[in-house]
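Input: a single structure, listed below in structure tokens.
As written, the chain order gives the labels A, B, C and D, with residue 1 at the start of each chain.
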């Protein structure tokens, strides 16, 4: 940690800061410049409150020089983490394709889609049971019943299932779920993260709408600090000033997260764009940037003759896309 | 709702959309332009999924013309909501000053501050017991014990107490709490909002770091849909590209929220700025813009000889500020 | 255009708006709903000031249903524009690779790099002569002399040259320049755009740091309205809250701009990321998303023994990357 | 400047960096920590390219500890700058009220408004002659003729006039203009800033839509580096994800800019909000936060019976507001 002192600081306050640091076994290496004095702090600074020091009258600025996350940090764990999910793996060079509908609606719906996406090469099945909805008047998902239907589709196809948890109290329903998803809006629901840290089941952690890379990694750290190292990171678009798409997919997150951390990184182009026509180019871009896989909404809708969901691909479009994705993945990893 | 059709739409798909809408008792008023045909939809469109329609091949765009919130909407409730908290009120022309430390640390600390801020004119006491912290390695608050200490300070001073809940499972500890705060990171923790909607206790709902005005009001709607009409909105800074301050206080939120909704609006300048020197000018700005009050961190720290919290005022600074704030409030409401 | 009226509007104001519109040969198609009346406006609404109407007391909101750009709009020009630059072309399925140093420094430097990037497959040479710098104390480029050196490199290699203009008064120096670049900070320098519209030379128009897709296309429209149809769009990163990278490359801009407009779309991953290690994954992502090509900084630095520029690749890294890029481009266009 | 080295850096590269710095007369003060070595650089680091050093393989990060602006920096000029404009002044405790229409339309219009706003207490007259418009099809202002009409209004009322320049080539028309405005879109039009730096006339510099505080001050520095110290800063809203208002007025800019710099700070609430009903609360908030004054659009429109501009106040509303503003200003400065 580096402390930049103001010019002509009050000597008494300076002495107080010095003793306060020394009590905490922090050594001070001063650099005296023409306009400014800098203190380099040596020792375990991870427990120092940077804001506390920054607030002192004699201090101009404080800068941290070490990442505040450890378990998720590639510096301390150089090798890629590979997360096992049933007989498939996430990370380490394999291509993960998670596909399925936005919401689980019926046994027939979920089983049909599951079979279709499996045939196209999906490695896991996704489907919303507990649905976070902006409006209290919108359909909130089939909840427990949705998970029961996912389990049936899992039995039928053998695909591991991924679904979202919204509150720790729902955990009882998740016994048969293979990967528990934490949604963007819950990325900093720290009480939930702590509970998930006590499990050993894989957690798919989605980046919050305005979360920095460091904050996403700190949320992963919450889970890992509890002992659960099976964390899969997921970029799903951040909020910007552009309103043409629902969010702006941050493809740079892929190489950056893989550089800073050893955890696998997936991308969800469906939620990022909110428009199904943008899903294929964005999915290809994510893999070209080095993502370990994708989560894609696929919807088969024989009931409503009307239309697909706004961000969902039809199974035949997914089938073609999956082929393209395998080719790109191969090319990037050759 | 308005549906903008593509030029030369497929007739069969058009007929399907028409029947689908008519099944839902929606009348269609077409406007045929040179380059585009627009359908005005008349009827109860609040249950139509705007994204679903937008995803159709024949549709160029869909625009909602009504706000999706009802209980929180000033159009349907023109008069200001006034929330009663103990013997004080929030909204309706009174000035609410909530003050107290970032974290409750000890009985002596919280009682001393409570007495000081009361003497300066604070109408409620705040203090963190359950603390949402970005890092799992940071102090997570005194939790239950913190609330017990707040209760003591309440008994001593008579000030109603405000503190944050992080998970519905903590609710048992909140019996003696007068106003339950929902933090910015939990603004879209919908399961928590539903539980709070079943109470009749005032809820202080903080705006999320990248939440729109409409999303904040939809989260208020979640609570109100459950029957709890005692919702107090709170602006606490949004995330922008500027890094000099922790967040950017959006003072425009004050007149806009008061125009769109009948709920009271408070502002938290301490968390928005993250630098205590900015608190006085921002607090004054918030009141000048018409806010119903403020939440301000005040810290009295005889133990650590070192320093105040980075965003906390000393009691004597708060005392002076409170005087200025009363003058501005009077001037705005004269 | 759609006008959403307030409930119970003042009849006199309503009549005034009606006559004002009728004077402008706009027909009104009303849709009367339960809570709101909507007017669909039919006629040439492109000259109506949307903000003017929105400001009326009787109006709740106004929504445009047509894009405000015409020349740049794919709706009116379905076929891809292909821009000819010397013997090469931009758009229409070819792969454009523009490479070269951040700044032109000397004849030897620019000629060496030009030969190297040509050997690796670059189709044009870039190099900064007039340099927009945030600080008045930073090196402002070799200016006229820089363009003279670029011309020499052009003669030596046959590569067309691309360089940035900062002010219309510099135009005299650009006679030998093949593509004139408008930088992100000048995207809305409308006086400059007007002057460039009078030329017939290709213009490479970079997206502003916080410009929407529509604003970028409106700036293209400025140039095209003057008669210059040779506009090449360029995504170079937008400003977000993330500070790890200089800007956030918006890969979604690629498919969206190609859908909305017939103009070619390039991407500049070097400036977006600001870190050369991120350039290869981002360059691949851009092509996978369908970009017509890339602008990449390549720096050969035998003079300063020290280092490359922060966002520049070494020629040997560019050489390897160019091969990967050709493979991705082929795969996307197969 | 602080250089944070990677763990186990290559010794040869380290030596090269050391000699490179020493050649530039920079002394190195190392701080050796457990996981990292930090170099504090002492000497004139203002000419070192921070990005260049950051790009080295052996470097983890580089942090600047000094602001890159000097002339605009309060550290080197503690006293407030007071800019003289005719017989009035900007800064130093006086209240500046600049009012007038968005665009100059006719002699009658501008003279009538000028007299009205003068009667209400405005200290300067504003009016757009050269208009930056997003669309090439929108009215581009009366240009030279507009400035001629402003001059007439100046003669009639004695009010100094403020109007925007869009290109250095227009400077000839600005002889009678008292304050030259640089619009948000031109804040980083460095060629224009350089030309304005050669004048001694006051420059009103508006903050760009996504400019940081530091970037605004660096643009002021461009003007001041040329010798023109009469720079007035102006906050006019930044771009965020919120679409209800045109931009988001950043009221925090006021106390921060006044702390970092000695230059006067004005606020333009009309352009920030884009909705005239929001102008009064935002104007009051800006003054309460310590702004030296405001620029407000006032529109008197007897010709178009229809309506005011969307962001313009009527003279009678401005008159009432001006009274409130004087009261707030007095209260803040008492």
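Basically, a residue touches a chain if its C-beta (ideal position, glycine included) is under 8 Å from a C-beta of that chain, and two chains touch if they have at least 3 such contacts.
Chain labels with UniProt names: A, B, C, D = 3-deoxy-7-phosphoheptulonate synthase.
Please read all numbers here as calculations on a predicted model, not as lab measurements.
Chains making contact with chain B as well as with chain C: A, D. When every chain is reduced to the mean of its CA atoms, the largest separation from chain D belongs to A.
Centroid to centroid, with C-alpha atoms defining each point, chain C and chain D lie 26 Å apart. Averaging C-alpha coordinates per chain places the centre of chain B 31 Å away from that of chain D. For the pair chain A and chain D, the distance between C-alpha centroids works out to 39 Å. With touch defined as above, residues shared between interfaces to two or more other chains in chain A number as follows: 210, 239-241, 243. Chain contact summary for the complex, chain B toward chain D: residues 210, 212-214, 238, 240-245, 248-252, 254-256, 259, 272-273, 277-278, 281-282, 284-290, 324, 327-328, 331-332.
Considering their complex, residues 16-17, 20, 46-47, 49, 51-56, 68, 132-138, 166-170, 185-186, 188-192, 194, 209-210, 215, 218, 221-222, 225-226, 239, 274-276, 304-311 of chain D touch chain C.
The part of chain A that touches chain D in the complex is made up of residues 2, 4, 7, 29-36, 38, 40, 42-43, 60-61, 63, 65-66, 75, 239-241, 243.
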